[in-house]
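Each structure below appears as structure tokens.
One chain, chain A, links the two complexes that follow: it is found with chain B in the first and with chain C in the second.
On to the complex of A and B.
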């Protein structure tokens, strides 16, 4: 039934561009004014919404299409607003609370705001399943294209590192392998190869379980073989997490890294893990014409 | 290619399982009452599931000392019903789980946060480890011993409908044979205060589609369907009905308000009809979103009138019975839509007296039995302009 191929036409990412400070990466904030023109909206938006919306709009810039689906992913969503509202319930004793942080605390805020700012009434959904969030969104987007339901789809992930999530996850030991990170990466997918096309998405895989290193290696070579790929370069989390840090949707940065930071063309396997969630994305990278 | 519905599961303020829900609908008994689950000074009706976490754990046969979010407990309760109702078992089929929620483990996070906000070194970590939406899905998967594909969706009040839609698409694409799809949401201080801050909570029982409506009542619960590919059905498999149409559209109007012309709702219904390949006149009953807020009911009425013209089919909102169960609403109302077809009934819209002046639509107000219905449309709309419609057919 897979009649159409899936191509990455455009990419955008906002990520940490410096060293971690006290074990925490933070993104290099762009000038949001350029992307979110209305001052009132900008003021109401929390950092995660601003960064996600900006990366989404950057990805659409100069592309002559209006996506027929906007699909976002986030592991923990709009934490700053969630915390702000929780705090106000306590401090104001349930009286006269400002609704803004509540309104913007929902997980679909970024996708909704991109739709609103780009006047897009198409399919809109948000995936929120730990380290499967981004790959689920990618799968949905690929299915939209493969079935011919859409000709172009915007898929992206976003995560913010707040002091609270840093402390809590530090107490849980989440930052042992890599420093804590954050960021947002978006991809415009299409079903036709053009001169702008960056790569073709060959496969997406999600596996949950307590796998040994050998089992994982086997799973990954099976994935390549099933998709008729004999040789692929590997972009592992050891390559991209020292740049973006650890977060639930960091694999979206891994895909951005593979698309933009590797030289030459050919197949690339991007791998990620978080707790017992293992994901892999296979792309065929093109040299820009 | 259509998708068969072979199992249903539900828990809400009306009770546990399809039979208790049907009884409540037939007797006109609403699940609304006072808040008892947590401390609050907000005096508003809510529809709580009338079981404590301990009772839910006991009924599920879970270790009473193990910590679960209430959302996960509700999800496991309804998920188990659906799984067993469909007679699913491990092994033969590729079974997926697609669940959704708007708050996930917020009930526990609230407790954690009270201690944490005083001292960041405090607060029991196991309380906040269940915060994310994915947690409740993983709990259901573990409980049902499912080891295949699972994911979670959160698009505010349309979450479950999107989960069902994604499940159907995965089956149609041949990626899975069966999917348990729906959602769960527990009541918590966070959402109660959130809707209160928006000033859209009614202090009285909600009155969807009534001229005098002033807001919604919150509820909690979970609802799941088992979707199966035609190929995976064996002789003797009970098939309730089929999911033939679905669509999702964005209103792109305002973060929380619906557009006056109900554009997103109109597009979702229109495209769902298109996917099912049917005319609007085929629809025999609409289980409307009908929250009871000024904005939703007017916008939804307008969209319905735009789509159906003069011949608006019988419709009702079941939210005066269950409250608005947010992320679970699309799942619960999908179960109700399946029950309407299976039991040949149309549920009453409680508390309705006077039609909205601008649109003049009147919902069904008494339980209708022995209805000749073959096609039901279910609407779920949410914050962020996320609108979704599902079509079930016999």
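On to the complex of A and C.
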């Protein structure tokens, strides 16, 4: 261990469990009452908020630490509430608008609700950087640990699919390679290896451009070489997107998949793409002691 | 009046997303805020919108809101006396 090592101590994900219906996946919804006990809080939350908050709380379950930073990521945010609010602007002629969908439609609602429900007043930030949202949040989390600002950080991504966004992105060709998807994955990061540690994060990479397959292969080889990794298993989007579907923060599910679904130890390179955005995360996976 | 109360309860359940609560479970004379139904200030804003949208009532004296919004009984009474639609 060195002072710059970042470990994944706990993971949680809510993802589709089943086949896509009419080209789209839907998450397998847990019993939210079990995690968000107060009906007063739950009733104002839309589906994306409930799923994100639940995954965040699941990730913290049974962990002795209280995160000193909560960092969330989303490509498109709380779309259902945004759509509801925008539609009411039209239907009510810009008057008498209901405050709840507006309040809940902000991108940082999920991080804020996790903080409220876990009584956490620490650093709280949300990244909305399209396909780089999750990796940006992950980098922030790593830097919080590496600069000594925090000893443990909760990082997660969340995305919901609505009929409107399905239709709009379909016209842009977003679902050509994989069915449309949604989901949320959270990771508790720490700076010490413990008996609960799942993996060590070795590197995070983001590239934007019109790259050929060969160029991408070269970039990923360079990434491994720069980080002293001579051999790594690859978890490509072809492995995890048939499960979670396509969405802007699907790479978070890829990381969850690499942490939980691969057997054995060793380095793993998780690769992802969204239109012309390419991301890669390298981890060293451990078997729990 | 009973029909108005029923209509009001259904509007509250829908606007405030009161999951797991039926209109029958909302007691007419019990407080809506605090101990009773447990509504809060954001819900008060939603109720103001229900009054204006559904009954054409605009609250002009906010200081009276606490009394008017006390229960389904007080709310229905206020609507009955002031409704424009």
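As a working rule, the second predicted complex is superposed on the first by the 287 of 289 C-alpha atoms of A that agree within 3 Å, B and C clash if a C-alpha of one lies under 4 Å from a C-alpha of the other, contacts with A are read in each partner's own complex, and residues count from 1 in each chain.
Just so we're on the same page, a residue touches a chain if its C-beta (ideal position, glycine included) is under 8 Å from a C-beta of that chain, and two chains touch if they have at least 3 such contacts.
Only a predicted model underlies this, so the values are computations on that prediction, with no experimental measurement involved.
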Counting only touches as set out at the top, which of chain B and chain C does A:140 meet: first, second, both, neither? first
In the overlaid three-chain picture, which partner chain does A:123 touch, first (chain B) or second (chain C), both, or neither? first
Could you tell me if A:218 is touching chain B, chain C, both of them or neither one (first, second, both, neither)? neither
Which partner does A:40 reach: the first (chain B), the second (chain C), both, or neither? second
Which partner does A:261 reach: the first (chain B), the second (chain C), both, or neither? neither
Looking at the overlay, what does A:209 touch: chain B (first), chain C (second), both, or neither? first
Name the contact category of A:99: first (chain B only), second (chain C only), both, or neither. both
Could you let me know whether more residues of chain A are touched by chain B or by chain C? B
Chain A contact set shared between chain B and chain C covers 97-99, 103
Give every residue of chain C touching chain A within the complex, in rising order. 15-20, 38, 40, 42, 45-46, 49, 52-53
Along chain A, where are the residues that touch chain C in the complex? 39-40, 42-44, 92, 96-100, 103
Under the touch definition given earlier, write down the residues of chain A that touch chain B in their complex. 1-2, 70, 75-77, 82-83, 85-87, 89-90, 93-94, 97-99, 102-109, 111-113, 115-116, 119-130, 132-133, 136, 140, 143, 146-147, 164, 167-168, 171-172, 206, 208-209, 248
Contact set on chain B toward chain A in their complex: 40-42, 102, 109-110, 113-114, 116-117, 120, 125, 128-129, 131-134, 137-138, 147, 149-156, 162, 166, 169-170, 172-174, 189-190, 193-194, 196-198, 247-256, 263-264, 267, 382-386
